[in-house]
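Per-chain numbering from 1; labels A, B, C, D and E assigned in written order.
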Amino acid sequence: AEDKVVVFAAASLKDALDAVNKACEADVGEAATVSYAASSALAKQIEGGAPADVFISADLDWMKYLSDKKLTKPDTEVKLLGNQIVLVAPKDSAVDTRIEKGFDLAKLIGDGKLAMGDFKAVPAGKYGKAALESLGVWSSVEGKVAQAENVRAALKLVSTGEAALGMVYATDAHAEKGVKVIGTFPEDSHPPIIYPVAQTADSKDKDTPAFLKCLQSAKAAALFKDQGFTVLAPSN
Amino acid sequence: MNWLLDLTPDEWNAVRLSIKVATVAMLASLPPGILIALLLARGQFWGKTVVNGLVHLPLILPPVVTGYLLLLTFGRRGPAGAFLAEHFGIVFSFRWTGAALACGVMGFPLMVRAIRLSIEAVDRRMEAAAGTLGANPLWVFATITLPLILPGLIAGAILAFAKAMGEFGATITFVSNIPNETQTLPSAIYTFTQVPGGDEGALRLTLISIVISMAALVASEVLARRVGRRLDIE
Amino acid sequence: MNWLLDLTPDEWNAVRLSIKVATVAMLASLPPGILIALLLARGQFWGKTVVNGLVHLPLILPPVVTGYLLLLTFGRRGPAGAFLAEHFGIVFSFRWTGAALACGVMGFPLMVRAIRLSIEAVDRRMEAAAGTLGANPLWVFATITLPLILPGLIAGAILAFAKAMGEFGATITFVSNIPNETQTLPSAIYTFTQVPGGDEGALRLTLISIVISMAALVASEVLARRVGRRLDIE
Amino acid sequence: MSVLVDISHRQGGFAIGARFESAGRLTALFGASGSGKTTLIGMIAGLIRPDKGRIEVDGRVLVDTGAGIFVPKHKRRIGMVFQDARLFPHLSVAGNLRYGRWFTPPAERYADIDAVVDLLGIGPLMNRRPAKLSGGEKQRVAIGRALLASPRLLLMDEPLASLDEARKAEILPYVERLRDEIKIPIVYVSHSVAEVARLASDVVMLAQGNVVASGPTEAVMQRLDLLPAEERGEGGAVLDTKVLHHDENFGMTVLGSAAGELRVPQLAMKTGTPVRIRIRARDVMIATEKPRGLSALNILPGTITAMSPGEGPAVEVGIDCNGVTVLARITEQSRQALKLHLGGKVFAVIKTVSFDRANTGAGLPAETGG
Amino acid sequence: MSVLVDISHRQGGFAIGARFESAGRLTALFGASGSGKTTLIGMIAGLIRPDKGRIEVDGRVLVDTGAGIFVPKHKRRIGMVFQDARLFPHLSVAGNLRYGRWFTPPAERYADIDAVVDLLGIGPLMNRRPAKLSGGEKQRVAIGRALLASPRLLLMDEPLASLDEARKAEILPYVERLRDEIKIPIVYVSHSVAEVARLASDVVMLAQGNVVASGPTEAVMQRLDLLPAEERGEGGAVLDTKVLHHDENFGMTVLGSAAGELRVPQLAMKTGTPVRIRIRARDVMIATEKPRGLSALNILPGTITAMSPGEGPAVEVGIDCNGVTVLARITEQSRQALKLHLGGKVFAVIKTVSFDRANTGAGLPAETGG
């Protein structure tokens, strides 16, 4: 990995980023090495001296955690991708509703559970909680929430029928056959979902700028969109 | 001290729940643990390798995978889960019982190994002697084998308990993280580690977890020593 | 079969790496494992409880916490890490050696327990007899104690190996998930579970992991049986 | 009561093929180290499954490999005193002793714990763990443990080997009482001629896994050639006698036998009680004229019926004393000096003190003993 | 060579306080079951740390609690044959035997493996595991193992208890050879008077943890009162004699002693060789007139110097035969009938065949033995 660009990326980006990485191989000179893990772990590893050149976080908090400690190069930080929160149910579920202010989510959940990411720790969970609060239904469903370790685990809870409903990223719901999407939460019901990217302060690999540039290229944008992300960075 | 014990109600519940889950997991896995250990130590049957492999599976698999398999099997719609719920009213999904199941399963290979090792160390001539005194195999087991393997049982139990106190991946995957129901200490700690600046909270809960487990450990050592003294090895 | 073995180069690397990491973790923890087990089984010293507690810590703590502590201690900027790198050129951070360290630490309590249990079962009168024949304590250990605890050593080693094959939380937290360097099988499996449609890949790698561990398990059983036959219990 | 054993078995390089039948009260298994004694009683106890053969105790078939019968050990009610005591290390002495009682139907419990504890002198040890006992103490507890299970047949594997003479002498009478009062049949492994001669009604002699002789003790013990050279002097006549009267003055008991009266150190037995005595061949002298001024009190007249060279300078002389054969072991020199010949009239001279406790046991009532 | 033990120690309810010193070649520790024999030699071997006291072997201080000296067992070069064989279960018989050699400097290896294996008759067992041995076989291997470590002092804890007489008789001469040829000092635990009398130059008698007598064998063995009642007949005079000549015709050897000539079964020893014999008190008869027509060949004239009541009807009579005291055990009735009195002239009558192998051992050369 010595001469390669090393990217620390949130695990949920794997499919998209693998594709982009491959597409960028020619531009950068060689494929980057990507280490996928939870944003928290990656941030702490960078803090602990990890040989990462690029950090792609699943939320702004962990990026800020590093930039506050001057571990990123501020001028390289870019809001790369966006995402949406959707309400999902098991494929065979009869539930149907419109997501709007004050909709009766508690009734839809019934005796079951609402699966979502840990709303203190997992970005998707935080956004989900914010959305439900702004729609005024949080207090009625708080006791029925099953917090999962990450979005994928929440999705599993729904697809196996354990949980009646779930709140996950559109990108995850999109490819999961076991669930159906009931609706998308309004963009303004939660803080914008943003995947920021930055070069680390310790980054030395000379190809890093090229990699960052390629990440924001049009062909990358197309690949990201294939996976359901919204592309925030201006294609150049 | 104040700082350490100044917990939110949810955190207190996590402490209580963790102890409950770990204790139940340990106790409930003892009988099957002894049985399987006996089978593996003494049995000569086709498929022993398979049983042995199955027992070790939770050790080999990443906890998340184990949790997922539990979900598929003992979940609401899983075959075992549906059966148990229907016929015995035992429900695991999103219940503390599910957390105990996950912890028990994860600790099972550790417990079985410890017990098995002790069984294999038992002097079988003692059992033969008991047989000539009229004890049938069951009695021999209860009055000779069991007392002789007590140190191993204790070691196995404490391993299972400690493992349960630290188990997280399988539990959260299987029964998620519901405060007061399935949020054990490790889940709570995990939550803290996932937020910037959560380190202090994580540290506090970690310390509490350590204190509890150490207390259990010391108790087990004392117990084992007392048993050992009774056995008078030299 | 083809489906099972149709792996990408990165995945092949993960398989190779996992075997390497698990083997190194197992072998490297054997000597300290035996030492600590001896100390705990035989020693009478102040602070024994502390040592015992420390050994069990990786079991009690959520793996993420263990990984984080390793990062703080043995990371490039950690005290032990900096010291070792400077004086011995041993670098753990984000190397496969770090993965081995993490796996070794996580498996350590299991190994120590198994060995300790065996040591406690050794008939000390045999050691006394060896002493009267002129063997000093070291020789007694090498020629009497060690052969007698071999079954326990094997059990401990296989537990550590299996644990290493499944260890994930501490490893990914400590050395991240860098393909060809620190991406072990569990990390690769984890990555698969994090993306839509990754289940098949995860299943495939899981099966491979099971096959490897089972092979090790069977080998250990055969070995233990051979040793056991040599000991002729009854 | 009868024991029938007819088995063949291999273990490692050792082959055992033994057939014997004994209806005796106490059957001694006698043989050198490694001759297969422990293996044989292991089969009777159910610890070893013979490759082939049949074992019956009191008509009950315990093993019949042909018919696929193998009664498990815990259903045999056969007590065993192991050569190595094999006490349960996790139980106190009391716990060890009481262990077998749990499994004995109350109606069949004939052994009383207090009596057994008293007899074996293990009262002060009751709360000790086996690891804290001396070698002999362990063996005594092991005997007690087997007894207290009230077995129907008792197997004893060299139970007294690690005991001193004083303790042996104390325990032997109890073995006799087991044999005669409780009437529990016993198979007793021993390599001591003295013990065998004193205790056994029947002897089975083993050599390298084979039965070389078996039958009533009297008969087998007279065949000095079967005894190991070192033990020949210990062999000799075994006489069944009766207490005639006691001589309180001199602390002696006079026994009546077909051969004549015998004076022995006083026995605590009532007049008329049968007593079995062994007269060691090496303790018997021969006189051609009735000795005078000699301290030996027992002088039995008889006729020489047999003479055979023994080991070394010894000659074994059989003297028929009114139908009972007494064996004497003398030197060839004496034989020539005294001009002994078959049919010659002689006196067998035996000291009273040669009848020590090792030679004098409770007699076996007439109807048994072979 | 000397052993000095002066210790006091408690274990559980048992207190031991023993002091003795022995410069003998073979010191026998004699005492009943539970009297502390194993505990005592455990201390000499370094297995047990006495609470208080001092142990010296050959001037080397092994234990001195006052000075805080405690030489660890592996530095003592003291071999031990345990009461329970304690073979290493993971090693073959050969491995067990060879174990101690590793730790013996080549120059100090006096024991030859082939010779020891031959002697103990364990050749066919070499590749066996201990679990597959009979009780006696185990004990023989244990003896071999201790020997082959070529120790400077050998402790033997009832090494022959589980062996049959034939095997005992085979091994005893080797113990004698260890004592006399290899000149390895031995401390020998036993409860057999015969073994002690035959082997020991010195005897230490233990009772309940205390030394009740110690000294040269000849002296201690004459004190029949110290022997357990059952063993008194076994006690008696121990005579050091010399081979005068052999009587090939009759297969006998004539020994010369101060008391007169003694005829015993032929010994494979050269003329002039010292021989030690034990004359059991119960084997000695007393005659007031020289017996005629009697098969007993040894008739020693002497004067009664002591008479004391023994157990039961027995009287112990000491007869001074030209400066050597021979003990006889007769009945009170005989004493009265023969009108025995102190100072009376009598004959001690002893059969040749009473000198069996158990009574006749290699003599201890004159300069040693107490």
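What we mean here is this: a contact is a pair of C-beta atoms (placed from the backbone, for glycine too) under 8 Å apart; a residue touches a chain by one contact, two chains touch by 3 or more.
Just so it is clear, the model here is predicted, and its values are computed rather than measured.
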{"item": "Steps in the shortest chain-to-chain touch route ending at subunit D and beginning at subunit C", "value": "2"}
{"item": "From subunit C, the most remote chain by mean C-alpha position", "value": "D"}
{"item": "Same or different contact residues where subunit C meets its copy subunit B, judged by the half mark", "value": "same"}
{"item": "Most widely separated chain from subunit B, with each centre as the mean of CA atoms", "value": "E"}
{"item": "CA centroid of subunit B to CA centroid of subunit D, Å", "value": "57"}
{"item": "For subunit B paired with subunit E, centre-to-centre distance based on mean C-alpha positions, whole Å", "value": "60"}
{"item": "Rounded Å distance between subunit A and subunit B, as computed from the means of their C-alpha atoms", "value": "35"}
{"item": "Mean-CA-position distance for subunit C and subunit B (Å)", "value": "20"}
{"item": "Contacts with two or more other chains, residues of subunit C listed in rising order", "value": "64, 68, 125, 128, 190, 193, 233-234"}
{"item": "Residues of subunit D engaged with two or more neighbouring chains", "value": "132"}
{"item": "Contacts with two or more other chains, residues of subunit A listed in rising order", "value": "none"}
{"item": "All chain pairs that touch each other", "value": "A-B, A-C, B-C, B-D, C-E, D-E"}
{"item": "Subunit B - residues contacting subunit A, complex", "value": "64, 68, 71-72, 75-78, 93-94, 169, 172-173, 175-178, 190-198"}
{"item": "Touching residues (chain side subunit E, partner subunit C) in the complex", "value": "45-47, 72-80, 82, 86, 88-90, 99-100, 102-104, 129-132, 145-146, 149"}
{"item": "In the complex with subunit D, residue positions of subunit B that touch it", "value": "125-126, 128-137, 139-140, 143-144, 147-148, 230-234"}
{"item": "Residue ranges of subunit D touching subunit E (in the complex, touch as defined)", "value": "11-13, 31-34, 37-39, 83-84, 124, 128, 132, 134-137, 140, 157-158, 161-169, 191-193, 228-231, 233-234, 247, 249-252, 263, 265-266, 282-283, 285-289, 291-297, 312-314, 328-336, 338, 349, 351-354, 356-358"}
{"item": "Subunit B-touching residues of subunit C, taken from the complex the two chains share", "value": "49, 52-53, 56-65, 68, 109-110, 113-114, 116-118, 120-121, 123-125, 128, 151-152, 155, 159, 162-163, 165-166, 168-169, 186, 189-190, 193, 202, 206, 209-210, 213-214, 217-218, 221, 228, 233-234"}
